[in-house]
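Same chain, two partners: chain A is paired with chain B first, then with chain C.
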Partner chain A sequence: MLTRRIYQFLIVYAAGLALLLGLKYLAGLSDYVIPGPSLVWQTFHDVWGRYAADTLDTLTVAVLGQVASICLATAIGIVGRQTTWFGNFVKVAAYNVQAYPIVALAPIIFILLGDGFITRLAIAAMICYFPLLLVVLGVMSEPVEEIEHFYRMTGRMRWQLEVKIRAFENLHKLTTVVAGSATLAMAGTIVAEFIAANAGIGYSIRIALYQSDLGKILIALFLIGISLSVYQALLEWAGTLVHRRWEMVEGGAVP
Partner chain B sequence: MQISCDDITLAFAGAETPVFADLNFVLKGPGFHALFGPSGVGKTTLAHLLIDQVRPDTGRVRIDGCPRRLYSYNLERLPGWSSVGRHLERITPPTRRARCAELAVEFGIEAVLGQRFARLSLGQKNRVNLIRYLVQDFDLLIMDESLANVDERTREQIIAKIKVLFPDRFFLYISHNVIEVARFCRQVLVLRGAHRRPRALTVPGLDGETNGDSASPAMAQTMLTIMNAV
Partner chain C sequence: MKPESRGSAAKVAEPPSPGALDCLRAIRRLMALCLLPGCLHVGTGAAAGAEPVVYRLKWLQNSSTVGDLYADVHGFFAARGLSVVVKPGGPERDAIKELELGHSHFGVASADQVIRAAAKGAPVVVIAQIFQVNPLQWIYRSNRPPIDALAQLKGLTIGITYGGNDETIMRTVLAKAGLDESDITLLSVRYDFTPFYRGRADLWPIYRNSQGIVIANRMAQSGEPVRFFNPADFGVHFVANSVVVHQRLIDTRPDLVHRFRQALLQGWQAALDEKNEARALETIARFDADTPPDLMARQLQVTRKLVRPTPDFAVGRLDVEAWRQTEEIMRARGLIPRAVDVVSRLYRPGAP
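Moving on, here comes the complex of A and B:
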């Protein structure tokens, strides 16, 4: 799982790099526009330590933002699954609000909260929140009639059991969207750093952009890709582990 | 114990013909009764009417002496996070643990109690599902093809056992097997096609408890009456 993700990224990265170098040599562009392989290698040696720390910083914010999103989406999904007016209100509101581009709200958050950690966390959480919410709402709103029928008939159904049944039956869907939303959380954090933050790999890319240093940007992209691949692979592995463990529990408690 | 329907009319939104129009019948319990009829005639819809899951447009459903009503059907599943035995243990009231164990042996699923529900055959799944309903509190149990995919001999053993163990309960067994309903059921409620009047006929069954002779004149006559009623 991990090696497959890294291989996939390396192939895409190498293809992109080859395209840039091909363009450089075909169009006769200078090292100032597109640096050559030796210059990129030299830049890597110069900045990889600092950039790796920045990437780790960004990844930490992204992970925390994603965890916050998962908690919020789960809570809203559980409330929104109800067929009461409040449940329907939450569901409709969630669908309508997600149509608005959250990135457009980023400047307001920066004005209100400044350019520190909380702002990056908020934007990361907001960007990966809606896809998570839509899937959790969809899963939690859809009864698994052939399992739930018995509990309803015999008066045993409780909301915890209902949530457990629906989550168990859709575990693959839930773990897939959690792994997928990691990319969005990372993208959200980088966008936040790129706009106005004072730390993280997005901030370093912004400085490199002002210096027109494509070599640094390529190194940053490489580190972002590798760290995201590792993180997504870990999430997929955790999802598989949860599924396997849950299925193996010999008497998983039925409330 | 009695189930009766008086002038029931029910049409689903958008349907050209109503499912029921002027449906009238009376079934007197307790005992093992059948609901018989061709596919699509409204057997499951009638079951839903009897457990108040569907309301009739007009008319009245009266169920006397059966305050605790259950409806089981053959596509139900158990949650996948525990074994069959563990699940049965959880949902069986403590006073009926012995009955549950007895049914597991009688229904031939004792050997699969340690397995996951998903790994069982369709017939085993249906037997497990039926057991968990039989150990609940109920006065009326509607069994919607609850023994589908179970071989004939085992099915007959199960029905005979149910009749012996629960003589004071009301069972309504939905089945397409005319031999089975004729032999084992006290009354067979036959639901007829949408354009036939009356929509339902009640045919007395043989109400047997053991494997009878399907070639006997009484059996042949009962089966013929049921088939003519359809």
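Moving on, here comes the complex of A and C:
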């Protein structure tokens, strides 16, 4: 799984790089517009250590942001699944908040919270929570009649059980969206760092842009892609593990 | 009318293999056509007979670009047979890249951009230097003693944009003062002035003729008058925005470059003439609706001093010594790997 993820990324990256280099040589562009292979290699040699540390810093924030967003989406999804006025209100409010582009909200967040860790975390969580929320809401609002009917008829249904049944029945969907939202968490963190933070790979990309250095940006993209591939593969692996474990331990039955 | 030396620039633009020259040329022509949507678009909308030209600014259209706007609005370009589209810039825009990609004919770039581009083989040529004094300065509160000597920077918290040219300038200033990073505190600058307002920073980088006026006004209203720290007062002359063109255009269309430059500089000269102040302000107001008229008038006054230090100064003059110093600064700070002889990239009208 991990190897597949990495080589798939390498193919995409190599194709993108080849396209850029093709454009460079066909249009006779200088290294200022698109750096040549030797300059890209030289840049890699110069910055990879620093950029790798920055990427790890960003990934750490992204992982924590994603955990926060999973908790948030789960909580809102559980409350919003109800067909009550409050459940509806929570759902609508969650959708409305998402309607504001994060780049418009980010400056306000930065002014209020400063440009440190908490702000990056908040923005990462805000960007990746919505797709999670949609799936959690969808899953939690959809009754699994054939199972729930029994518990309702016997008067044993509690909300915790209802949530458990619906999560179990849609475990594959949930783990897929969690793995997918890792990309958004990473993108959210990078956007936050790009806009105003003082650390992380997004911040380094901003500096490289100030210096019109596409070589550095290509290296940053490479490191982001690799780290994201590894993280997503780990999430997929964890998802498979959880699925298997639930099936084995519970014998496919909800406790 | 060619720059002093264009050998190195032209060399980089040439294809590597003589054998494949014709084929590459044909492909490049095709690529150029694909890469010229802006120019083609302009061509369809241009006035009959006028030659379409795209001019990419470095930043937004405001008092800092008064001459560019004035030349367009008051017919200086049209009088020379040009139909110019003046496009605003922004942080994500790079005029030099646009010139090479064929999206623009002329552009405005900072000196550090020009030198970085030259170091990477971009065949860029500077045809005019608009600002004679760099508007990038540092604002500080008047309740602290005026900075008359660089040694007074010791112990201060100074805002810089990491990677920006204010970082380069400030580090040069500090080196000149014999100070290192342990003597001061550097604070990373973002888009907002909150750290300065809250007093977390003593000095904050600012564009003297645009933001500087607005912030100084706001702080004066809240009882905190300000001063400006200008590195040029201490011998650090880092060139600011200049008008650039691709070497290819000078080689193939020297008349176009000449006409554009003449019209642009006349536009600037007229815009900065005190007699035309009302018209200049009216022109800026068309593009910058957010700045109140009184502040705009003050912005124009400061811009005038930065672009035309004396009333008889010829706008657009290339300050060769300042360019040389700018390159030396960048070289000393390790921002370019080797000397680029930036003086050879300066346009010399009438040179053989």
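Here, the second predicted complex is superposed on the first by the 248 of 255 C-alpha atoms of A that agree within 3 Å, B and C clash if a C-alpha of one lies under 4 Å from a C-alpha of the other, contacts with A are read in each partner's own complex, and residues count from 1 in each chain.
By definition in this document, a contact is a pair of C-beta atoms (placed from the backbone, for glycine too) under 8 Å apart; a residue touches a chain by one contact, two chains touch by 3 or more.
Nothing here was measured: the structure is a model prediction, and the numbers come from that model.
Novice: Under the stated touch criterion, name the partner, chain B or chain C, that contacts more residues in chain A.
Specialist: C
Novice: What is the contact status of A:Q8 with respect to chain B (first) and chain C (second): first, second, both, or neither?
Specialist: neither
Novice: If you stack the two complexes on chain A, which partner ends up touching A:F110: first (chain B), second (chain C), both, or neither?
Specialist: In the superposition, A:F110 touches chain C alone.
Novice: Using the touch definition from the top, say if A:Q211 reaches chain B (first), chain C (second), both or neither.
Specialist: second
Novice: Contacts for A:E146 in the overlay, against chain B (first) and chain C (second): which applies, first, second, both or neither?
Specialist: first
Novice: Which partner does A:G28 reach: the first (chain B), the second (chain C), both, or neither?
Specialist: After superposition on chain A, A:G28 lies in contact with chain C alone.
Novice: Could you look at A:N88 and tell me whether it touches chain B, chain C, both or neither (first, second, both, neither)?
Specialist: neither
Novice: Please name which positions on chain B make contact with chain A in the complex.
Specialist: Touch list, chain B to chain A: 51, 70-73, 75-83, 86-87, 89-91, 116, 129, 132-133, 136.
Novice: Looking at the complex, which residues from chain A come into contact with chain C?
Specialist: Chain A reaches chain C through residues 23, 26-33, 35, 39, 107, 110-111, 115, 195-196, 198, 203, 206-213.
Novice: Please output the residues of chain A touching chain B within their complex, sorted ascending.
Specialist: Answer in residue numbers: 146-147, 149-150, 153-154, 156, 164-165, 168-169, 246-247, 249-252, 254.
Novice: Which residues of chain C touch chain A once you look at their complex with the stated criterion?
Specialist: 12-15, 24, 27-28, 31-32, 35, 91-92, 94, 96-97, 100-101, 113, 116-117, 120-123, 161-164, 188, 190-192, 194, 335
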